[in-house]
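Next come two complexes, and both contain chain A; in the first it sits with chain B, in the second with chain C.
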Partner chain A sequence: MSGGWKRGALGLALVLPPLLVLAFLVILPAITAVVATLTPAPDATSTSRFVNYAEVLGTRILRTDIAFTVVVTLIAVAVVFCLSYPLALYLRFTKTRVAALLGVLFMVPLFVPVVIASFAMITFLVGHGLVSTVLYRLGIVQFPSLVYNATGIVLTQVWVNIPFAVLILGAGLQAIDDSLIEGARDVGAGSLRTFFSVILPLNATSTMITLTLQFIGVFGSFTIPYLVGGNAPQMLGVTMTNYLTQYLRRTESVTMAVIAFIIASVVGVIYVASVSRRERRA
Partner chain B sequence: MTRPAWFWGVGALRRAVGIGALLALAAFILGPLATLLVWAFAGTWLFPNLLPEFSLRWWVYVLTNADVSKAIRMSALSAPTATLLSALVCIPAAYAFARLEFPGKRVLLLSFLSANAFPKIGLYVSIATLFYRLNLMDTFTGVVLIQLVNTLLFMIWIPTGTFRGINTNLEEAARDAGAGPLRTFFQITLPIALPGLIVAALFAFIAAFDEAQGSLIVGTPNHITMPVLMYALVLGYPQPVGAVFSVLLSLPSVILLLITQRYLRAGYLAAGYSL
Partner chain C sequence: MRRTAWGRAVTVAVGVTLVAFLIGATGPTAGAQNPTTLNVYINGDTNIFDLWNKTLLPAFTKHYPQYRANFVPLLHGEGSQGVFDKILAAKQAGRPTDVDLWETQPSFVAQGAPQGLWVKLTNSLIPNLSRVPAQKLEAEDYYGMPYRGSSVVIAYNSAFVKNPPTTLDDLLAWIKANPGKFTYCDPNTGGSGQAFIVAVVYKFAQMAQYTGSAYDPKAESAWDPAWQLLKSLNSSMYNNGFHPNGNVAVLQLLSQQNVYIAPVWSDMGTDYLKRGLLPKTVRLEQITPPLFGGDSTVTAPLGSAHLEGTFTLLNWLLTPEAQQMVINAVSGYPGVDWKYMPDSVRRQFADVAKPYAPLPNAKYLADILRLWHEQVAGGG
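Coming up: the complex of A and B.
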């Protein structure tokens, strides 16, 4: 079996370089961050290991930002999901030229950098932008502001994330055998019944991947809330970047990063487990 | 089987509602981009005119700006470097994941997903604290490393899938005919795998080129890439400046996409974007 042993060693040797890169750029920073936050500063008011966390969580503005981040993230994920599932279903089960065209159209945001997407949304939604111009022409003058607040963040997140969700959900739907759906119809199930008792359960893995990936993506975003969001409350990504680069308060910033890791950890684990499950079936 | 007439009426109504919703969604997707494109060629655009006065003067302004040319150079150097580095490090590993048996293979392959399982901005802040200690802040190396994090997953997972999909019979036949392992890889495996590798490289390049938030933290103030400059242009300049620069910034991705579009299948896209 020396041949097998040799091939095994070769395999490990080949995968070692990217693993080292991963260790250096993901694992090591994460561990360093946790260790740094658990070490009280020399001039700290208390010597408790958790003094940094107590300080961050004791600051009312930061608590508000954390809550704001969670709420905006949940709303954005829910809206994206509710729009993209019907769209994915439509693209899966409609074989017309219009559907094919729409399929291409909805992929467009994939290839637009998030910075540009945010800027485009601003020009589109801002006070004297295209939307307000069109509404003005239609005689509608009074309407709530659409950018520089949570609405703007959610709308832009939806714009950026719809294609991701449609693609991943669509790939899952593609894998469902037509005969299963026809079978359900033959025994008399309506569209809704077919959806809830056949399609949704069979597409559960893709659904989990979509939801978790979207959650982590929106939760850890910076560009969209930075450009399209308001001044306060702000999403955690903006707050921690400001603390790091503007206020030069690295400890608080890293502490917020670790708090973000902890909040997103459960979601992250479900994401990895779901991709792993899909991988095993493939 | 005949259906009552009212059913058709309801069906048509439902179809109309469906089509209306799709059109609204299409307007929502295209509206912002259209506005941006019009702004790029606008001299002035006063409310409530539906169209601006067209002009190319902002193009001259942007193209002669020193910060802009510096950022273009920075992006043109860093993103290809990160992509190439990623390919060199990852493609042999992807081959190993697909073809060789070694202990812990499955867990090691899954471990690359961890780059995605962390909220990105938190990860960048953590990387920054590490980079402060290693004096990598505001360096070219630092920016390339940040871009590299975003390419790893594409360069490992897409090529692994591609190599797995290649029938081993062909490789065995080449070996039987007397070709050594390296010759077999370069003359048989690599050409067949090329479309998948190109797609992986495309994803990696776009991810590296478009990376903004991490490079903002690590590269400020002297190593500003194009997307990072975009923040400053959005926040501190008249709208046409940002719009013109947006067009410049989208050019590389659009050109690459057009060149590689025959390799892009929805399956590849879905695989790439679940990562």
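Coming up: the complex of A and C.
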């Protein structure tokens, strides 16, 4: 009896600090922020509860920034996914030395701070950088600018995010029993058929986790769009910071944060659903 | 099994507590013997960080070994809101703040003044303050101590620009006549870009209306022609109107001869020329009407637990020795009156040390930045 009580108390004591941090540093400020955005300023044009939202969404450049953020995020996640999946498959099913070496190499970006990665990408992609020089030598003189725009943001995000995606996808692939794949082969399924009918469905959960976590990570990023992005449109992380620190417009900034939160929470729901589905199955 | 896990947890907890006690117990005694550490928070670009970290603070602690300095850089002012909130929160909680000196933008000094966050500087607290021209101190109501100044000037490459524009209108005409050879940094990332757009705003609006402390958003409709003009310049800018991030990026474009004319800070431009980072053919000049400039000030939070140390540092900053260091390291204008500086220094700055335009007040400047983003960069 007393052992059970002690274990319960220990469990509670271990859970309490993060719970308190969550309550006081995340949930409470979030609620205050939402309440603040629903309170019209004294000199506001309308007394509607949603006047702050109407103002933010009524500003053309902010609408553009929100759309830009969503589109850049979707493209970055799609590219990361398309590049990581084959790599994860290769690392899972190839047992050669080259594969082992690649397995170490692809991890490198995980250990490079984002700021350094961003500056490296700028040096690599700018007008007189390596990529431009190579293209120029190949006779391609006219090409769109690769940095200080959406292209630069996507390329840097891809470089930074591939290792994490490969890790999660790879972990899912490891969990698939070899006998299932051999079974599929035995009944005559080719590689593609095995992939689409066995591997992809069995790895659905880690696929969803990868996609949703990558989406939220890229969507909320600041450093990469700040350093590699252009003047306008900008991603929400940069816009919110500018509204808060440069334009001294706290309410607009918080309103944008709530809008960003709503968008991210839709993705969050998908994440929670896929994780809990896996746990039910386990 | 359960028993052992519980036992191990207890051992770890006891161990951690013991270590914490030991650290806590040695803390105060060790502090009494050691020098007082001053936390110096500095907003700025990397050149200003080097000035403090490599030059001023080591020299200060050498003179005054009873102090040690902990340097906290805030690149381009990132994190300033957090520093301000921290000082304010400490004041509201009636506790000392760990910020002993802060170099920040005027908007934060203005925001904190009515709440009594800063020390009001006087000659009796800082004897050397008497060398600073009074109007420089009045600009921030004696809450900020100017220790270096600079203004934005025009840098041009005389190898390509034979007849440099001397007025703003000449410059605007030159930009349209020489597409792709001018740029200014995104005003959200550097003062040299701000100075250029503010000069264009002043061209169409009464400057005096925006530099005082009064604020009326309705007065901003007068700026519309300025946005139209700046937008029309975008197609004649370097890289089709992409504005580089920060003052340094503009200097790099000048040094690679990608652009021939650009607004730069006088101190950064002089410094780059001195270090050979710009082609020798690059010259600096002030145009008419002049671009803005100002003094960089440091502010002492009233809640600092080491005010005596802060005052010692402030007083030392205004000595000829420290002021000469500022000029040598970042080619700034001195905070003290020019007459306290040697002749050689006054000659060196003859081309650029001309009157400069005042900055708009913090609220108008914030709106100028926002409207530039909406109307010019966003193409509104």
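What we mean here is this: the second predicted complex is superposed on the first by the 257 of 282 C-alpha atoms of A that agree within 3 Å, B and C clash if a C-alpha of one lies under 4 Å from a C-alpha of the other, contacts with A are read in each partner's own complex, and residues count from 1 in each chain.
The rule is simple: contacts are C-beta pairs under 8 Å (C-beta built on N, C-alpha and C of every residue); 3 or more make two chains touch, one makes a residue touch a chain.
All values reported here derive from a predicted model rather than from experimental measurement.
**Student:** Superposed on chain A, are chain B and chain C clashing or fitting side by side?
**Tutor:** In the arrangement built by aligning on chain A, the partners chain C and chain B clash.
**Student:** Answer with first, second, both or neither: which of chain B and chain C does A:Ala117 touch in the superposed model?
**Tutor:** So A:Ala117 only meets chain B here.
**Student:** Once the two complexes are aligned on chain A, which partner has more residues of chain A within touching range, chain B or chain C?
**Tutor:** Comparing chain B with chain C, the partner touching more chain A residues is B.
**Student:** For A:Leu244, decide between first (touching chain B), second (touching chain C), both and neither.
**Tutor:** A:Leu244 sits against chain B and chain C alike.
**Student:** Does chain B (first) or chain C (second) touch A:Ser46, or do both, or does neither?
**Tutor:** neither
**Student:** Could you look at A:Ser253 and tell me whether it touches chain B, chain C, both or neither (first, second, both, neither)?
**Tutor:** First partner only.
**Student:** May I ask you to decide whether A:Ile61 touches chain B, chain C, both, or neither, giving the answer as first, second, both or neither?
**Tutor:** The second partner, chain C, only.
**Student:** Who does A:Leu12 touch here: chain B (first), chain C (second), both, or neither?
**Tutor:** Touch status of A:Leu12: first partner only.
**Student:** Going by the contact rule set out at the top, does A:Ser197 touch chain B (first), chain C (second), both, or neither?
**Tutor:** After superposition on chain A, A:Ser197 lies in contact with neither partner.
**Student:** After superposition on the shared chain, which partner residues are touched by A:Leu25: those of chain B (first), chain C (second), both, or neither?
**Tutor:** Touch partner of A:Leu25: chain B, not chain C.
**Student:** Identify the residues of chain A that lie in both the chain B contact region and the chain C contact region.
**Tutor:** The answer is residues 7, 10, 128, 226-227, 244-245 of chain A.
**Student:** Using the touch definition from the top, list the residues of chain A that touch chain B in their complex.
**Tutor:** Residue positions touching the partner: 4, 7-12, 14-19, 21-22, 25-30, 32-33, 36, 83, 87, 90, 98, 102, 105-125, 128-134, 136-137, 159, 162-164, 167-168, 170-171, 174, 209, 213, 216-217, 219-223, 226-227, 236-237, 240-241, 244-245, 250, 253-254, 256-258, 260-261, 264, 268-269, 271-272, 275-276, 278-279.
**Student:** Which part of chain C faces chain A closely enough to touch in the complex?
**Tutor:** Touch list, chain C to chain A: 2-3, 6, 9, 77-78, 80-81, 107, 186, 188, 239, 241-245, 256, 258, 362-363, 366-367, 369-370, 373-374, 377-380.
**Student:** State the interface residues of chain A toward chain C in the complex, per the touch definition above.
**Tutor:** 3, 6-7, 10, 59-61, 64, 127-128, 145, 148-149, 226-227, 230-233, 242-249
**Student:** Which residues of chain B touch chain A in their complex?
**Tutor:** Residues in contact with chain A: 18-19, 22, 25-26, 28-36, 39, 47-50, 89-90, 92-93, 95-97, 100-103, 105-106, 108, 110-123, 125-130, 132, 145, 148-149, 152, 155-156, 206, 209-210, 212-213, 216-217, 220, 227, 230-231, 234-235, 239, 242-243, 246, 249-250, 253-254, 257, 266-267, 269-271, 273-275.
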